[in-house]
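Just below sit the structures, each encoded as structure tokens.
You will see two complexes here that share subunit A, one where it goes with subunit B and one where it goes with subunit C.
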Partner chain A sequence: MSDSEDDYVYDYSDASSDEGDEMKTSPQQAKSPQEGDSDDEDRKPAAKKSMDIRGEVGVKTPSSKNANANPNAPPAHGSGRKSYDHSPTGSDYLSPAKNPDGLKLMEAEQVREEMHSLVCEITDMLGISEAVATVLMRMHKWNKEALLNAYMNDSNATLSKAGVLSKVQGEGGGATSGSGTGNTCNICCDDDFASDEMYAMSCGHSFCRDCWRGFLHSKVGDGPSCIYATCPAAGCPEVITEVEVSDVSKDVLPKFSTYQLRSYVNLNKLARWCPGAGCTKVASSKTGFGNIKCDCGNEFCIRCGLEPHSPVTCPDLAKWEEKCQNESETANWILANTKKCPKCFTRIEKNQGCNHMVCQQCKFEFCWICLAAWNEHGASTGGYYKCNKFASEGDNPNDQSDAAKAKRELDRYLHYYQRFHAHGQAQKFAKKQLAQTEQRMVQLQDGNSDTSWIDVQFLKTATEQLIECRRVLKYTYTFAYYLEDKDGIKERFEHHQEMLEKFTERLSELSEMDLEKMDRTDVVNMTRVVDKFVKNILKYVDEGMDID
Partner chain B sequence: MTSKTRIIKELKECSPTNGSGVHAEPNNSSDVFNLTGVITGGTETPYEGGVWYIEIKIPEGYPFEPPKMRFITKIWHPNISSVTGAICLDILKDQWSPALTIKTALLSLQALLCAAEPDDPQDAVVAKMYKEDPDLFAKTAKEWTAKHADPNVNEGKIRNLMEMGFEREAVEKVLKEVGWEEDKAVEKLLGGM
Partner chain C sequence: MASTNSSTKSKSSARALKSPHLAQPLSPTSSNYRLQQELRSFLLSPPPDLKVSVGRNLRIWHVKLTGRNVYEGEVFTLRIKYSNTYPRDPPSVYFVGDNIPEHEHVYSNGDICLSLLGSGWSPNLTGQGIAVSIQSILNSAGRKCRPIDNSGSVGRKPGESQKDWIYHDDNC
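For the complex of A and B:
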């Protein structure tokens, strides 16, 4: 690592005393690459995974704003801080796989068992069948206390509301016992069924088994709502359970049970299905907060199911996503993909390449991000990345007309959206890069006979860190959009953001370099610096952005 | 048992002579999945004396899925679109049960004409008028009944078109299809020639 990067770190820690202590360890760290190597060797895939989860948990607890709104939310702060262990060896990565916040991944089968044991508790307590207990629990969102309260208060009302009254009080269904032949089915309207061809739930509405089968197939075919299906008789509230499905149409039972399980997880605020395609794992946490990395590789926020999005809160992100969707598609595309040349105002679409633009019409050279002349950029003039602050220049901020306000608001949104979008694109690009990294690692190893596979892992770690940085940067713009500016908080936040951008670009540059030119120590060190930096920013937000 | 067998049975109890004030017939005797239903307005309602034609499409999943129904004849009613004839009625949606029939559905529609549910409106304009100015609503509904659903007026339209040289059967069929709008029927009759 070059001196200048160490200087960055020092500059930063000096400038913001709140994080100074942690940052000062970075140079030390930079000077111990050998130790870093041994870490890499010990970092077996399993340990790596635990790091991902642990690291995330510590960092990504909701911002304090959110925590205030949820008093029983994260006791995570204490344990969260633990993962900011800034020992130079990075020993926090090597702790055994445990989840301090009770975050865990479960197989669907385990969840089924958990659901079953809950049902069994109710079965024992109330002396009802498992099927009825399942329906009752579902009606009360799997809250045992709520169900028991309601039941003790008025058992009949609770049962009838859930549509299981006659199942508990009735004679039981099955094949109807009526006269031997000549039974009429009110669905197909045939009237010569033998009694064993008819079937009814305990509510007594009997239909022929063929029609029952057709009915259940149709309901299950409608999707997850089939678990709420009631007796085919018009207006009868009796709910269909796995007992009837198993009696009449065993072939759809697996689907029906799966929908029941799905609803169990969906109604449970502390758990979420992994949104990864085809993945059937369930993540659960004791607090309902946190990010988790599934074994399928998908990483998500337990609360909202989206990709981890610190420092933005889930509600703010939801607002943001909605806002971005509401802007009409065409306008969105134009705004996201084109800009006007600052000189001749020709619309330009940037479909590849760097941010140094040359207008084809007037040959003006400018920066794609801030649209200022390119020759004003560079290290000597305050830095290229000095383009992340929003200032509504040229406008008179005192103009209070609606049109002026609307324009200012639109400009403000576009400012954040453009950067959000740019980092999102960069994140996608980094993900593609990750796919090619393995190949590069092989090349690197082949190039030097002394190099082991573990020695080239740093390349993968760097790219993964890059993806993480892009993701965090992306959401810092959403966060900043909703950040209220008081006591210069915004300015300080944007300062940190700018630093992170600078480091991220450095890392991007270093990790994409030609293999012959690449300096392993530089990459390893930069990865560490950036990792700490990201964690510190998130911690800073998490703790309410107080400097004291 | 296929749904076709059930529909044929249902059509028997929906014959025009069943005396219930509603009936349904296939548009084409070889196709029992596309029907036209007929309901009459209740006495002492703005719909008294009117006759409404209803397009009925039987879906493949019938009777486990509800029949699709739509008013062809224009009607001024909070739960029925004054433009498209779309109907907002729970038993035609999530409250459908396979034990219900085309006849019970038509009877429910007839009941809907007597007792509107303005809190669950299909046509917001009509529903607003129903709640805020019931007198104007009754007046408008009556006017629409007289203009679009009066069988005598309809008979006049049939005769008008027959005078232009079309067969009665063809005229009636086309008029039903276009909701008894004479000029549209002319267009269709001439266009089809």
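For the complex of A and C:
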């Protein structure tokens, strides 16, 4: 264990600031067409494939220093990937190369440029307008290969399916030709329009500009689905694009383009809007995996948008969240209000009365506090309302009846849920603590005249470490719940978990201590130790838990 | 022959034009202009088995619909109400009266499950067009039955916006 510990001293916060730098120093990266290429190739993140692709990316984008630094990931890491191929498992904590997933943060404007450069490739290749190319790409989920395949196969079918057939083949829209006056609009029924008051898309259905404006306002007002709106004529499949919006109703164009950009990111499996409130940044990764810390302070998993959750995989976490949503209220109530009968293990609710319990199932008489037989109780143990004996619990694992199995499963879930929940609460608490830490740092500095601001930074580092530990610990319980036990991997995993838990509690204690009693060296050391334990447990999972 | 034809036509048009709503041609800037146009065309050349009548409010129509096939001999009444946002938004359309047709897309409260009244609405559709569509889904029905989820409609106010409706059957 100690050997590998030193290999992976890698500070997560470093990585995120690096990304920030990268973003500033090479903004052309966002636009580079090569990158568009590679994005397209691994758009479907079949993760085994993503291993190979990483090599390719390194070749294709020389600007990406990380992929370049290590084009061939070492075998250990690779095997970890294979056994956890659908997992974003702690790669950014553990990978030898600093940023193997090619994580980066982009401003909405950069994403717009990236989208535009993709569209431009298509316009050049197929000789169609940008608006049409945008619609086509959107229909093929921004997968250039899929679009080109479909287009080469049957261009007309592809165009008509996307609702742009007449835009490509028609004579073009705009102000309709025809007699100068006396045109009828089928929406307002007025029949005295000059031809320049009328407007039609290339499908030829012309309406007066006022009605067009009203129509577009109403569609954009309906929300993000407006980008799929079609011609106002009933049954006409012609799709409305930015061209029509800007021709007829410029005032809703910004909103329309924003919806278009939003759909671009939402359809893209390799990118995600930062889920932080009011944040407009986009995080992207070359593999579709990885955790990223946004400039707004929000940390999230690119694949599912939730808080980083290594070692649990995204699908397992989704299952767990659903389970907890369905059962957590019940679970809370069961834990808070019931105990198991010490003899038959039926869960019993005590809603009133003294500690002398009689189980309705087996008629066993016992004490509610210590769960021991009631006949051992009396005035010497504290009487009916008190008990000074110790609690003990047991279970019979050999009972194979359905009820017993169901109960064991419930108990198993409760076991993990209880701990998951406890660490979640502790994480919340530590976050609150972080808010107060700055104040404590000032106090600490004031208390000692020759202490500098840098000297008291350790307190913040410790609290941040504590939050991370709580988060990882929380998810280790989800992971363990879904972990199948074979060859004793569960035991080894639990050993790692136990160590991490033990030292996290220690760190928690140290960092919350009164400032006068606090020993800086202790805190700094404990922070380091705990950091190593976190990396160890994630590395252990990432490397396939010693199976290979 | 030809002369009788033209005489009936002129007679019906004369009767149609008696409608107080058509007495005065509205200016194209009036918000009721399109409705007046629609009503005139409906009264002048009504489709078979459909008859429109309008009370004092031009924006509420009642259409008498004479059934065919499985509904032979039955008469239904459709209420069509045009909101202020018509024709941007679809009119509110439902059956009223004692006789609600028993059809797999017509709820017993009068509501009609028709995509044209929700997501399928286009501003160049008309009230008459909607009435004809409803007539056609009735006349093409092979048997009488209520929608599967009819129980949910009991006690529901008919004619509410169908914006969030999901349409079971795209053929209607």
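Basically, the second predicted complex is superposed on the first by the 371 of 548 C-alpha atoms of A that agree within 3 Å, B and C clash if a C-alpha of one lies under 4 Å from a C-alpha of the other, contacts with A are read in each partner's own complex, and residues count from 1 in each chain.
What we mean here is this: a contact is a pair of C-beta atoms (placed from the backbone, for glycine too) under 8 Å apart; a residue touches a chain by one contact, two chains touch by 3 or more.
Just so it is clear, the structure is predicted and the values come from calculations on it, not from any experiment.
Asker: For the overlay on subunit A, clash or fit between subunit B and subunit C?
Answerer: Superposition check on subunit A flags a clash between subunit B and subunit C.
Asker: If we overlay the two complexes on their shared chain A, which of subunit B and subunit C does A:130 touch? Say first, second, both or neither.
Answerer: In the superposed model, A:130 contacts neither subunit B nor subunit C.
Asker: May I ask you to decide whether A:498 touches subunit B, subunit C, both, or neither, giving the answer as first, second, both or neither?
Answerer: neither
Asker: So, A:218: does it touch subunit B (first), subunit C (second), both, or neither?
Answerer: both
Asker: Quick one: classify A:455 as touching subunit B (first), subunit C (second), both or neither.
Answerer: neither
Asker: Regarding the shared-chain residue A:242, is it in contact with subunit B (first), subunit C (second), both, or neither?
Answerer: A:242 contacts neither subunit B nor subunit C.
Asker: What is the contact status of A:232 with respect to subunit B (first) and subunit C (second): first, second, both, or neither?
Answerer: A:232 sits against subunit B and subunit C alike.
Asker: Applying the touch criterion given at the start, work out whether A:307 contacts subunit B, subunit C, both or neither, answering first, second, both or neither.
Answerer: After superposition on chain A, A:307 lies in contact with neither partner.
Asker: Now for A:192: first (subunit B), second (subunit C), both, or neither, which partner does it touch?
Answerer: second
Asker: Where does A:411 make contact in the superposed view: on subunit B (first), on subunit C (second), on both, or on neither?
Answerer: neither
Asker: Taking the contacts subunit A makes with subunit B in one complex and with subunit C in the other, which residues are shared?
Answerer: Overlap of subunit B and subunit C footprints on subunit A: residues 186-190, 205, 207, 211, 214-215, 218, 232-236.
Asker: Can you tell me which positions in subunit C touch subunit A when the two form their complex?
Answerer: Per the touch definition, subunit C meets subunit A at residues 28, 33-34, 37-38, 85, 87-89, 116, 120, 122-125, 129.
Asker: Using the touch definition up top, name the residues of subunit A that touch subunit C in the complex.
Answerer: My answer: residues 186-192, 205, 207, 211, 214-215, 218, 232-236.
Asker: Can you tell me which positions in subunit B touch subunit A when the two form their complex?
Answerer: The touching residues are 1, 5-6, 9-10, 61, 63-65, 91, 95, 97-100, 104.
Asker: What part of subunit A is in contact with subunit B in the complex they form?
Answerer: 186-190, 205, 207, 210-211, 214-215, 217-219, 232-236
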